[in-house]
C-alpha cells in the first residue's frame, strides 16, 4: 500500500490555479523527485504535503489517513525550505537542535545528534555562528541539518543543494542517499539538477504548469519520455527536435519527411499519424561523429569543450537548433562542417499533440 | 592592459581572515568565473569588487584607477546578488526598471529595455507581480533582469542561475553568453555549476579558503590542474585519487608503486619526487571498460544509470573510492567485477604537498 | 473598639493651611467620636477633584471650593446650606457674605478673601516725567499716565490682562466695579449692557495701545512679572505683589483702583473661597461645626496672615495694627466698600468664556465695545 | 496553515487576556458613557433620558462647524509635521556615525517629561517678554519689540501645533528608527550598486517599505492629536478669541468644565465618530497611495 | 562601504542632528536655565541665554519644599514597571494573534481596540471611578495601575502587530513543521525576533505610565504615599506662586530614572531584525 497518496489535489491562489489536479502514489521508503520548470508549482505541492498550504480541493493521505486538516508534525514530515527559513537569532547549533528541543530530548542526546549532523554537513566549525554570518551554501546545510536530526517518516526537500558547489553537492547527494537507505524514510525531493534527479530518484515526477507530465523511473523518462515536454526536460543538453510530416504509416513502419534532411523510416505500429505533422527527437549524446544509420552534415556554430565531452551547436536548414555531444575532446572547430550519424533505435517520435509514438 | 586588477586583496571580518591576499588580472571583455567550495569567500570577493565591502588590505584597480574608495556606481559595475535583493514593494517591472529609473531614462526607453529583458528571461507574464508571489527561479531571473538592463562595464553575478531547472538554465546560459558577446562587457561570475564554469568562462579562478588555487582556461584546469585541490574540484564526477610512493624518478620516467594495484611508470622529468609519497589521479571518464595501458579490476558498489552515461562506485583495496564513468548504459551490475583500463597520458601525478608534477 | 467617624476634608494648596492641624485637634477634643481626615490637593486640581468625588457619589464631607461654584453645587443638590445668623454676617466685611449667598441663603463658609489694588512703578513714573508719588485716581488719569509712560520710556504704561484665563474676567470686573456697574442683579437679571459697563469697555479699548505688546498672551502672574521687571508701570494685583516687589528691591507704590466717571467710591472685585459641606457624607452637622470652628475670627485671621490674604473680617485691633505695620494693606481694604462679588451663575465657565471673549474682541480690535457688549449680554442669558 | 479551527482557537486564547481586560476596564465605562450621552446627567446624582437632545444641541451650536474645521486643520498639520520631523530624525539617527547612542537617548526627553511640565516649558519659550524665542530674536536684532507668540490667533495656533509636534516627535522618531533598522541591508546595497543615491534610496526603498510603520504611527498620532487637550488648555485655553479652540477644548469648556456630563458624553461620542471616520478615510487613502507608488 | 560618508555628508548629518536635537531640547534648555535662576530673578529682561547668577540651589531646596519627592519618583517607577509588565504580558500574545492569524472578525476586533483609544480618559472618568470603587481598588497602587494599563494596551497591540508582521512567515512555518507548538514558536522564535519591537512598546508603555498618566492618579488615589511624580510635581504650584525653579529642577531629576532605563535598553532598539533569515 502506498504511504502517501495525493488525490485530485488542487491549489489556487486567489483566482490563479497553480496546482491543477494531481494524483500520485508514493510507496513507503521510496525516493521521489519532483522536477519541472521554474514556477510550475513544485514548492507549492511540497508545502501542501507538509501541511503549510491549505488544500483547495482533493485529498492528501498519509498512511491511509486523510491528513488535509492535520498539522505538519502529526503528518510525520520534516521539511527543508527553499528559502532556508533559519532562525536568525539562534546559533547554527540551536537552529539544528530546534526540533530536538521541541521534543524535549535530553541535552546529551541533542548534542550527540547535532554533532553528528554537523559532521555530515561539514558545519562543525560554524556551530557557534549565527545564520547572518554564513555563506549561502552554509545556510542551506544548516537547513538540511535541521531536517535530518529528526527522523521523520517523510522528508520533504525543496532544492536543498542548489547553493552548493559540485564537489560538496555530490558528497551531500551521497550522504542523503545513504541517509535514505539507513533510515528507510520516504523522501520527496524537489530539484532542478538533472544529475540529482537521475541518480537519487526511485521515481521522478515531472511537473508542468501544475500538472503531472509523466511519472517514472529515471531511465524510463530518459529512454521513453511520454511526451515532448518530458523529452525536452529530461536530459542535458536538451534533446534535438526536428519537425517532419508522416508520409505513410502502415502499422509497422512510419515514413517521415524531415524536410531538407530527407526521409526517415521508423518502425512504428501507429497508423493514426499518417499524413500528420510530427516531431522527431534525437538526444545530442546519441549522435556519433562520422556516419550511422542516418547521417547528416552540420556546421557547428559554437563548440563547447568541457573536457569530459564536447558540445556543438549548429543550425539545421529549417532553422532548428541542433546540438551534438561527443566524448572527450575531438577535433571540431567552429564553422567547419562535420558529419554526424545516429541510429534508428535512438530516434523518438511525437505526434502533433506532442505525445510519444512508439 | 587589464581592466580589473586585484592586488594582494585581503578581507577580515573581525578576527577572521576570509580573503587572504588575492592577485588577479581581468582583461576587458573577459568572462571570468569564480568557483570554489561553499564558504571559500566567492561572494565576499565579489562584494569587494562591487564596492559593497570595505577592503581590509590591498588594492582594486578598474581601468588603471584604484577604486578602493569609490562607490559601486562609479566603478561601472552591475551586480546580481546571491540573495536576489529584490524590492518587495515593487512589481517585477519596477524591480527591473529600477536602475533605469535611477538614471532617469525616458519612460519609452525604460519600457523598451525592460520588455526586452523580460522577454529574454521569460518573465513577460509576471511583470505586474510582486516578488512575494514568485517562485524561487522567477525571483532569480528578476534579479538578473535588473543587472542586464543597465549596460555596465563589468557585470558581477553571484550564482545567478542556481535556482533554475536544467532546461531554463542552459537557455539562460546561452543568453548570458550572447549578452556577453553583444555587449563586450567584462563578466565576473560565481557559480558552483561545473557546466557553467566550463562553458562560459574564458578564465576560471579556483578559490580555496580565501586564496587562489589556480587560474586558467577551463580546459587548462581540466587537463592540467596545478594541484590536488583543483584536480578534485574541477570535473564531475570527481577525479579518482590513489596514493602511491615513488620508487624511482630519473628525470624522464617516474616509477610509482600504487600498492596492491601494482606499479605505474609515467614520463616525468622531476627527480625531486624520488622516494616520496605521491598521489595519482585518474578522471572517471577516462576509464574505459575492458583494458588499456593499465588495467585494473574493480567491483562496483553502486551503479548509477543516468541515461547519457553510467557511473560506477567501487572501493579500491586500500579503501579509496574509485569511480568510473562510461558512455551510455553498458551492462554493469552492482557487485559484479569489471575490468577498466586507462592510458598513461591521462594519469595526473601530485607530489606530497599536493602540487602537480608534469 | 469605639466607632470613630471620619470627616474627610479636602484642603487645597501644597500643604495643610497653617494652624489647621492644631484646630483640628482642638475641635476633635470637643467633639469626641469624630476625626478629621484632611487631604491636601494642589490648587490646579483641587476643584476638579472635589467635583468628581461629589459627582461619583462619594463626596468629601468638607472642602475648599471657589465661592463662584456654590450656586452650581447647590442647584445640583450636592451641598447643604450653611445659613449665617445676622450676627455672623455682620462680623464680615461688607459684601463678603454675598459671595456665598444665593436664593437668600448661604451655601458655604468664607475661608479666603482676595481684593486688588493698583501698583505703580515710581521710577518709571519719574522717567516719564510724572510725579512718582502721585498715582492715577481716575480712569482718565490712568489712561493719560499710561500714554505718557509708553511714549517717554521703554516700558509700557499699563499691564493689561487679556489671556484666555479666568483672571481676564476678574480684571475686567475691576473696571466694572470701579464704575458702579454690575453683571447680574439680585433678581437674576443680566445687567451687563449698561452705560457703566460700556464706559469700562471703552476705557479698556483706550488703554490697550499703552499696554504691553500682545495682552492676549498674558495672565495676571505674567503681567506682574513684567511689572516687577520694569516692563510696565501700572498693574492691578493682590497684596502678594507687594512682597515680591520688596524682594525685587523696586521703588513702588500701591493705591486704590482708579475710579470711573460713575463711581460712588473706591471699589474692587471681591473673590472668596468657601468651605462647602457636601450632602451625603453622613457627618454634615459636624462638618458645619468644623467649618465654622476653623474660620472663627481669630483663627481665620491667623490663617490669613500666614498666607498673605485679605482679611475677611474687620477684626480690631488686628486690622489697625496690620495697616500700621504694613501700610500697603490700606488700598486692599478700601476697595471692599463699593466692591462687587464674582457674579454667581449656574454655569460659571459659560460666564467666564463670554466675558473673556468680550474683552479679547475689544482688545484685539475685532469688535467695537458696544457691539461686543450687546453680544455678551445676550449670550449670558443661557448661563444664569 | 491548515486546521483553521485550531488556529482560531489558539488566536482566541492569545487574545483572551487583552479582550477581557479591555472589556472590564474600558468597554464597560465606555458603554456607560454612551448611555450617558442620551441623558441630561450633570452634577446632580439622578438624571433623565432626553433622547437625542444633547446631540441636537451640539450640532445646533453656532460655531460648531468652525471648530470642526479648525480641529481638522490643527490635527492635519500636527500629524504631518510629526511624521515629517520624525522621519527626518529617524534618518539622521540611523546614519552610521559616532555618537548615535547618545543622540538617540537625547531624543527622548520630551516624551518622558510629564506632559504638563513640557508644556509649561514651551509656555516659557513663547513668552514675549522673558521667553527664549522672542528673547533670542531680539538679541540677534531680528525683531525690535517683544513678540508674545500666544497673543495672536495665527501665531498661537502654530505655537500649539509646534508644542504638540514636539511632544509627539520622540515616539515617532524612535518607532521609525526601529522600522528603518529592519529593512534588509541587501536591498540598499543592491540599489546603491545600481547608482541610487541616499536620497533616491530613501524615496524608493526606505519610504515604501516603511509604509506600514507610517500608517501605524500616523493613525496613533491622529487619535492622540485629535484628543490633545493639555497643550492648548495650558498654553491658551483655546484663545485668543477662540482661535485655538479645537473640538476637545470646546467640549471641555462647554460641557465638562460646566459639569454637564450628558452633553460631555455626547460630545465624546461625536468626536470618536469623527476620528473613526477620519481614520478610515485616511487609512484608505494611504493604502491607495502606497499601492500607487509601487506601480 | 555603503555606510561611508563624505566629510560634507558627515558635517551635514551632524548639523541635521544638531538642529533636530535643538528642537527637541530647546524647551529643556529653557527649563534648565529656569531651574538655575533664583525665583526673584526668573523674570528679567533683556533675555540672556546664559543665566547671570545661576546656582543649583533649587536642586537642594526642592527636597525640602516637597519632602515626598523621592517617594513620588519611586512610586512612578514602581507603577510604571508593573504597568509595563502587565501590558507586555497581555500585548505580546494579542499582537501575535493579530499578526499571524486571520480569523473572521480579526479586523473588526482590532478596530475596536483602536476605538478604545479614541475616548480620552477624561470622559470616562466618572464611570471608571465607579468601577474602581466597585472593585475596591481606590487608594491603592492598583487604582493607578489597572486603568493605566488598560489605556495603553490598544495602541501597543497595534504597534507590535505591525512589527511582527515583518517577521518572515516561513520562520513560523519551519517551527511548525518541526513540531513546535504554536506557543513554543511564539516563545522561542517570534519573541526573540520581535524583541526590538517589544522593547519599543515596553518603553512607550513605561513612559506613558511614568509621565503621562496624571488624571487617574489624581482621581482614584488620595494617599500621598502612593502618589506618582506628575502629581508630586504639582505640589510646586502654590495658590499664588509657582516655584518655577524647583519645579523645573524636580522635573529634571524626575526624568533621570527613565533615561537611565533607556540607556540600558537602547541597544535593543537598534538590533537588526531578520539579517540572514532568508534568501528573499
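Should a chain be cited, it is by its letter among A, B, C, D and E, assigned in written order, with residues numbered from 1 in that chain.
The rule is simple: contacts are C-beta pairs under 8 Å (C-beta built on N, C-alpha and C of every residue); 3 or more make two chains touch, one makes a residue touch a chain.
The structure presented is a predicted model; accordingly, all values stated were derived computationally and were not measured.
Colleague: Applying the touch definition from the top, give me the chains sitting in contact with each of subunit C and subunit E.
Modeller: Touches both subunit C and subunit E: D.
Colleague: Measuring centre to centre with C-alpha atoms, which chain is farthest from subunit B?
Modeller: Farthest by centroid: C.
Colleague: At what distance in angstrom does the C-alpha mean of subunit E lie from that of subunit B?
Modeller: Each chain's C-alpha centroid was found; their separation is 56 Å.
Colleague: Just how far, in Å, is the C-alpha centre of subunit C from the one of subunit A?
Modeller: Result: the chain centres lie 94 Å from each other.
Colleague: Report the inter-chain centroid distance for subunit D and subunit E in whole angstrom, where each centroid is the mean of the CA atoms.
Modeller: The mean C-alpha positions of subunit D and subunit E differ by 15 Å.
Colleague: What positions in subunit D touch 2 or more of the other chains?
Modeller: 1, 4, 129-130, 184, 189, 192, 261
Colleague: Indicate the residues of subunit C shared as contacts by at least two other chains.
Modeller: Residue numbers touching two or more other chains: 55, 57, 225-226, 229, 231.
Colleague: For subunit B, write out the residues touching at least two other chains, lowest number first.
Modeller: 51-52, 71, 82-83, 86, 88, 136
Colleague: Which residues of subunit E touch subunit C once you look at their complex with the stated criterion?
Modeller: Counting only subunit E, the residues touching subunit C are 40, 42-45, 66, 125-126, 129-130, 133, 218-219, 222, 224, 231, 234-242.
Colleague: Across the complex, what residues on subunit D touch subunit B?
Modeller: These residues of subunit D touch subunit B: 184, 186-187, 189-196, 200, 204-205, 208-209, 211, 290, 293-295.
Colleague: In the complex of these two chains, what residues of subunit B are touching subunit D?
Modeller: Listed in rising order, the residues of subunit B that touch subunit D are 50-52, 71-73, 77-79, 81, 83, 85-91, 94, 98-99, 101-103, 130, 146, 150.
Colleague: Could you please specify the touching residues of subunit E with respect to subunit D in the complex?
Modeller: 2-3, 5, 10, 13-14, 16-17, 20-21, 23-31, 34, 42-49, 89-91, 93-94, 96-98, 100-101, 103, 106, 109, 113-120, 122-124, 126-128, 130-131, 146-147, 149-151, 153-155, 157-159, 162-163, 165-166, 173, 176, 182-183, 196-197, 200, 203-204, 207, 210-212, 214, 229-230, 233-234, 247-248, 251, 254-255, 258-259, 262-263, 266-267, 269-275
Colleague: Write out the stretch or stretches of subunit C touching subunit E in their complex.
Modeller: 12-14, 39-45, 48-49, 52, 55-58, 221, 225-226, 228-229, 231, 238, 240, 244, 247-248, 307-308
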